[in-house]
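Next come two complexes, and both contain subunit A; in the first it sits with subunit B, in the second with subunit C.
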Partner chain A sequence: MHKASLLRDVIVGIIVVIAAVLLNMAIGTPMLRDLALRLCSLGLFAVSLNLLVGYTGLLSFGQATFYGAGAYMFTLLMQKSGLGIPSAFGLTLIGVSLLAVVVGTICVRLTGVYFTFLTLAIQMMFYSMLIAWSSFTGGEQGLTGGLPKPPFLGIDLTNPTHFYIFSVSVFVVSLVILRRIVASPFGASLRMIRDNADRALFLGVPVQRYKLFAFVVSSLFATVAGILTSLFVSGAFPNFAYWLTSGDGLFMIMLGGASNFFGPVLGAIVLIVLDNLINVHIKHHGLVLGVVILFVVLGMRKGILDYLAEIFASYSERSATRRSQP
Partner chain B sequence: MDIEALGQCLSSASCLVTQGMTGMIAGLLLFLVASGLTLIFGVLGFVNFVHGSFYMIGAYFAYSAFQATDSYVAAVVAGTLGVGLLAVVFERFFATRVYDKDHMLQILLCYAFILIFDDLVEVIWGNDFISMGVPQQFVRDPYIILGGVIPPLYVYLIGISLLFALALSLLMWKTKLGKTIRAAAQNRDMVSALGINTTLLFTLVFALGAILAGASGALAAPVRSLTPGMGFDILIESFIVTVIGGMGSIVGGLVASLLIGMVRSFGGIGFPLFTEGLIFMMTATVLLLRPNGLFARRAD
Partner chain C sequence: MTARLQLVKLHKRFGGVVATDNVSLDFAPSTLSAIIGPNGAGKTTLFNLITGRLKPSSGQVLLDGKDLVGLEPGAITRLGIGRAFQVASLFKTFSVRDSLAAAVLSRQRALGDMVGNFPGSMATDHVDRILHLTGLAHLAQRGSTELSHGDQKLLDIALALALEPKVLLLDEPTAGMGRNEARAMLERIHQVSQREKLTVIFIEHDMELVFGLAQSVRVLRYGAVLAEGTPAEIRAHPAVIAAYLGSEA
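== the complex of A and B ==
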């Protein structure tokens, strides 16, 4: 890890947070804050999923398990125990990570479509447990009844501005951490595993263990995204753990570009904008979303940022060739 | 959890028969769908996530045909052929574009179609649960075997499913077409080099797989309630069958399907809220002990 890159990322992060605060001061509408808050949780969810999909080559269709588990555990802790937000946050991270270790251990033994499918099956089992265990989880209704938000460290999350800054900060900090992980030797090993797991193994990379680490880290940040969402909607609902949520994650990655760290964030922005446009005007949301995905899959075949990166690369190649010719 | 009820059922012949029959039907219908899925994945290498939608559409087509003609035969034919046609269009225009690509692209393509089909079904038939009802010719006194009640429709369903399975086996193992298909599953390029039109072959295989799903949906229509999104559960179960039974093994698929059918039917008594969990635990156990499935023929 280069100290210089860490510094750079931290500075960029701070600038982004300040920019967000200024934006809020300039256009302080609830709608802007809503969009930004949704971007924080969905964007983080997508980037965490991409650690598995884009960087390790593990197509997981079940990260919504941890997103949902994070939301439910946090909400339950806040509703039932008298804990403050930081403690509940920390406990949820630990609790869901343990779940991720168990699930990950089972799943990473498999590869390819079998891996994908097992993650999906586990997620659906988790979902049906959420619905069935209604005494504990509120069943189909989810955990209604509000989410207490006691102030901590001078931050009061019932205040929209505080909440906005809090979410944006959590989002940025998480992204910086993920970016550092991706840029580290561990991240390089993950990419090696993605490209050729056998070769990585021969070179001494502990493939299974690294896959498990990637799985747990990805799930950790999916949990954070889930906590942010539960704070945002003051509750936890079964659809958080439904396969459509995982599908949305993959869609965001696909749309924005899996090879670029910020691709999923762009994908999240597009998804949120589309959602808003569609829900306001059209009743059949699935139909439109499906057609859009079709266009992306058949037309672009890769995400927006990947596409742009390709164009940029071929352009600079051409100008380099021109330069090298006398 | 109600272990007592389960124990009581297992010790009562009538309950064993009734639940056993239900389990067998669920298993056989699942076997049809799963065979179609395995066929498509085995030969085309295509992860057909839309398979559940084919099942759903088969059921809805059957429903409409039945509403129009009051004939169960027409309903099954409508479901089967309708889905076959739809599958050909899907394969020719969409699936071919992602055959040799990343699995993620294939899954996303299918995801798009799941969304589209689910919404189209909702637009055409509405969001409520609808029921086809038992066709007139089966409204007779049920058979009583060992005290267990068996509606005549059940016997018919079991018969038809077994017939389909037999036909499929004969096709795959006793005909030249079947041999060509199996060869293409092993080495597509070689088959193409032998002068066989693999494009046509693939469309055929895809349609065949889809028809199995559509037929199963149409057959199941009288005993299920129809709703948009009903395809998803069967999709997951079909994948479970493929995974537990082992890719490429028809016997494995049959065993796995029947196993799931029985777990659903008896497990539903003992563990009414946790049947999904049971099935999943079974899947996980098999995968951990035999990662290639119970009857795997190809190491994937």
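== the complex of A and C ==
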């Protein structure tokens, strides 16, 4: 299914970063950078969730827990500890992955709708805690008051261009890693679990343990997305960990397509574009998003990229038969 | 001769129902044994007890003398008990070759690798050998679910073979097949068991097929062993004739 090689992915990744830099030099408007930055965090969030939903068959409705936890922990560390960005980044990854191990251990024991609702329930608990523990989390206001961004390794994230290149690079590196995981034997074992967990078990696949791995890896990249967002908005807010954020993640996956690695990225692009078009002109943006989802679900019955891939596959198959029967 | 697989006073009850009643059976290495019995005789339950899907209420399952009771299905699989299912249990988005590669990598405990490429080249030789052994080589690139019913059953068995088991449990390998197709399937299984020196235990309904191929036959009824012996002995066994063969006629 995935004939990707690491070398090719790395080269493509470098080209994307260079292209992003050139684009910024050509039309470096704040508007463009804003869109790109939102794409980096939302797109990464959706791709991380798709590791569970699309590849492992675990429909998590709690991905925003880790997105929010990442943003809060990172912001708190930056505001209170005086650490540099790289160490706060690393500590946040470690901290949230511990949280993910605990939450994942509880959740992956269940399957189907029970798994989904447990992830949702834990997310709501986490959200309530963010609201209630206001001396620590700022309550409903969130962590305001800015986020200090001391320069590191010659990178100054208060400089818009630096921050733009930093975000794009983090996004690209994360995607290269996730793509490698998906194309690896471990990725294959996740698809085995998705297709037929029972059979995988009788082939000696440690199903529960691998589900937990997938859960933690997925949470780790949701954390990275959360950190990028907190850097972008210079703070952390409770709606990061609200169920609507998880819903957006699923929305992007459905829109773009779950069986293609880049489907959720396309979904993020569509969501951001729709958001921008709609919020400017109409108040009822839920109405338009709903219509789009209806169109995708009822009209195409799969995400946009899956749909296009299918058309392309049937087209090349037809032209192959035509060539073989002149 | 020491037994490869030994069931000792195996007992399983579901509430008030006794599904497996004091079953003691020995299976010698490199033999082909059939388990027959009417519906509800506890044949599949017996397989579930051996493979760890179910835990026996009491008794032992010994593989080369080691007790398997209480181990997880995955651990029992790794110790050398492979299993194919009554309804072919496959990975629908995998090709035949990829399914087998995944099974081989699982055997080699290489599925946790997050860096390498799947299927990669490590498993190729092994996969080719199994494709050849099971006669699925010409279908290697096909999707698992594109196969015919018989080939799906064969792939299911091939997946179990990829684990290099010592004991292979086949739950009705000929279910849903015509007489000729079923005969071909059992001959293929016979061949594989001979070549791989496997202990094969299969559940079968068709008496004629069983008597043609199996070296030993065990008859279950109401969860208990009604009779065991060579096909000729079973054919002449009065209790079997009364309980099973008689009712078939």
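Going forward, the second predicted complex is superposed on the first by the 321 of 326 C-alpha atoms of A that agree within 3 Å, B and C clash if a C-alpha of one lies under 4 Å from a C-alpha of the other, contacts with A are read in each partner's own complex, and residues count from 1 in each chain.
The rule we apply is simple: contacts are C-beta pairs under 8 Å (C-beta built on N, C-alpha and C of every residue); 3 or more make two chains touch, one makes a residue touch a chain.
Since this is a predicted model, take the numbers as computed values, not measurements.
Q: Mind checking subunit B and subunit C on superposed subunit A, clash or fit?
A: Partners fit side by side after overlay.
Q: Does subunit B (first) or subunit C (second) touch A:Pro185, or do both, or does neither?
A: second
Q: Could you say whether A:Leu250 touches subunit B, subunit C, both of them, or neither, answering first, second, both or neither?
A: In the superposition, A:Leu250 contacts subunit B only.
Q: For A:Val205, is the partner it touches subunit B (first), subunit C (second), both, or none of the two (neither)?
A: The answer is second: A:Val205 touches subunit C but not subunit B.
Q: Answer with first, second, both or neither: which of subunit B and subunit C does A:Thr116 touch in the superposed model?
A: first
Q: Which holds for A:Arg318: it touches subunit B only (first), subunit C only (second), both, or neither?
A: Touch partners of A:Arg318: none, neither subunit B nor subunit C.
Q: Can A:Ser5 be said to touch subunit B (first), subunit C (second), both, or neither?
A: Only subunit C is touched by A:Ser5; subunit B is not.
Q: Spot which of subunit B and subunit C makes contact with more residues of subunit A, would you?
A: When the residues of subunit A touched by each partner are counted, B comes out ahead.
Q: Should A:Asp195 be classified as contacting the first partner (subunit B), the second (subunit C), both, or neither?
A: Second partner only, subunit C.
Q: Give one of first, second, both or neither to describe whether A:Val53 is in contact with subunit B, with subunit C, with both, or with none.
A: A:Val53 sits against subunit B, while subunit C stays out of touch.
Q: Taking the superposition as given, does A:Met125 touch the first partner, subunit B, the second, subunit C, both, or neither?
A: So A:Met125 only meets subunit B here.
Q: Taking the C-alpha centre of subunit A as the vertex, compute the angle to the C-alpha centres of subunit B and subunit C, in steps of 10 degrees.
A: In the superposed model, the angle at subunit A is 80 degrees.
Q: Aligned on chain A, what is the least Cα gap between subunit B and subunit C? Give it in whole Å.
A: Nearest C-alpha pair, subunit B versus subunit C: 14 Å apart.
Q: In the superposed view, which residues of subunit A touch subunit B and also subunit C?
A: none
Q: In the complex of these two chains, what residues of subunit C are touching subunit A?
A: Its residues touching subunit A are 51, 73-74, 77-78, 83, 85, 89-94, 98, 101-103, 105-107, 110-120, 159-160, 162-163.
Q: Using the touch definition from the top, list the residues of subunit A that touch subunit C in their complex.
A: By the definition above, subunit A touches subunit C via 1-6, 180-181, 183-189, 191-192, 194-196, 198-207, 210, 213.
Q: Where on subunit B does subunit A make contact in their complex?
A: Contact set of subunit B toward subunit A: 41, 47, 94, 97-98, 101, 103-105, 107-109, 111-116, 118-120, 122-123, 232, 236, 239-240, 243, 273-274, 276-277, 280, 283-284, 287-288, 291, 300.
Q: In the complex of these two chains, what residues of subunit A are touching subunit B?
A: Residues of subunit A touching subunit B: 53, 59, 61, 106, 109-110, 112-114, 116-118, 120-122, 124-125, 128-129, 132-133, 243, 247, 250-251, 254, 258, 284-287, 289-291, 293-294, 296-298, 301.
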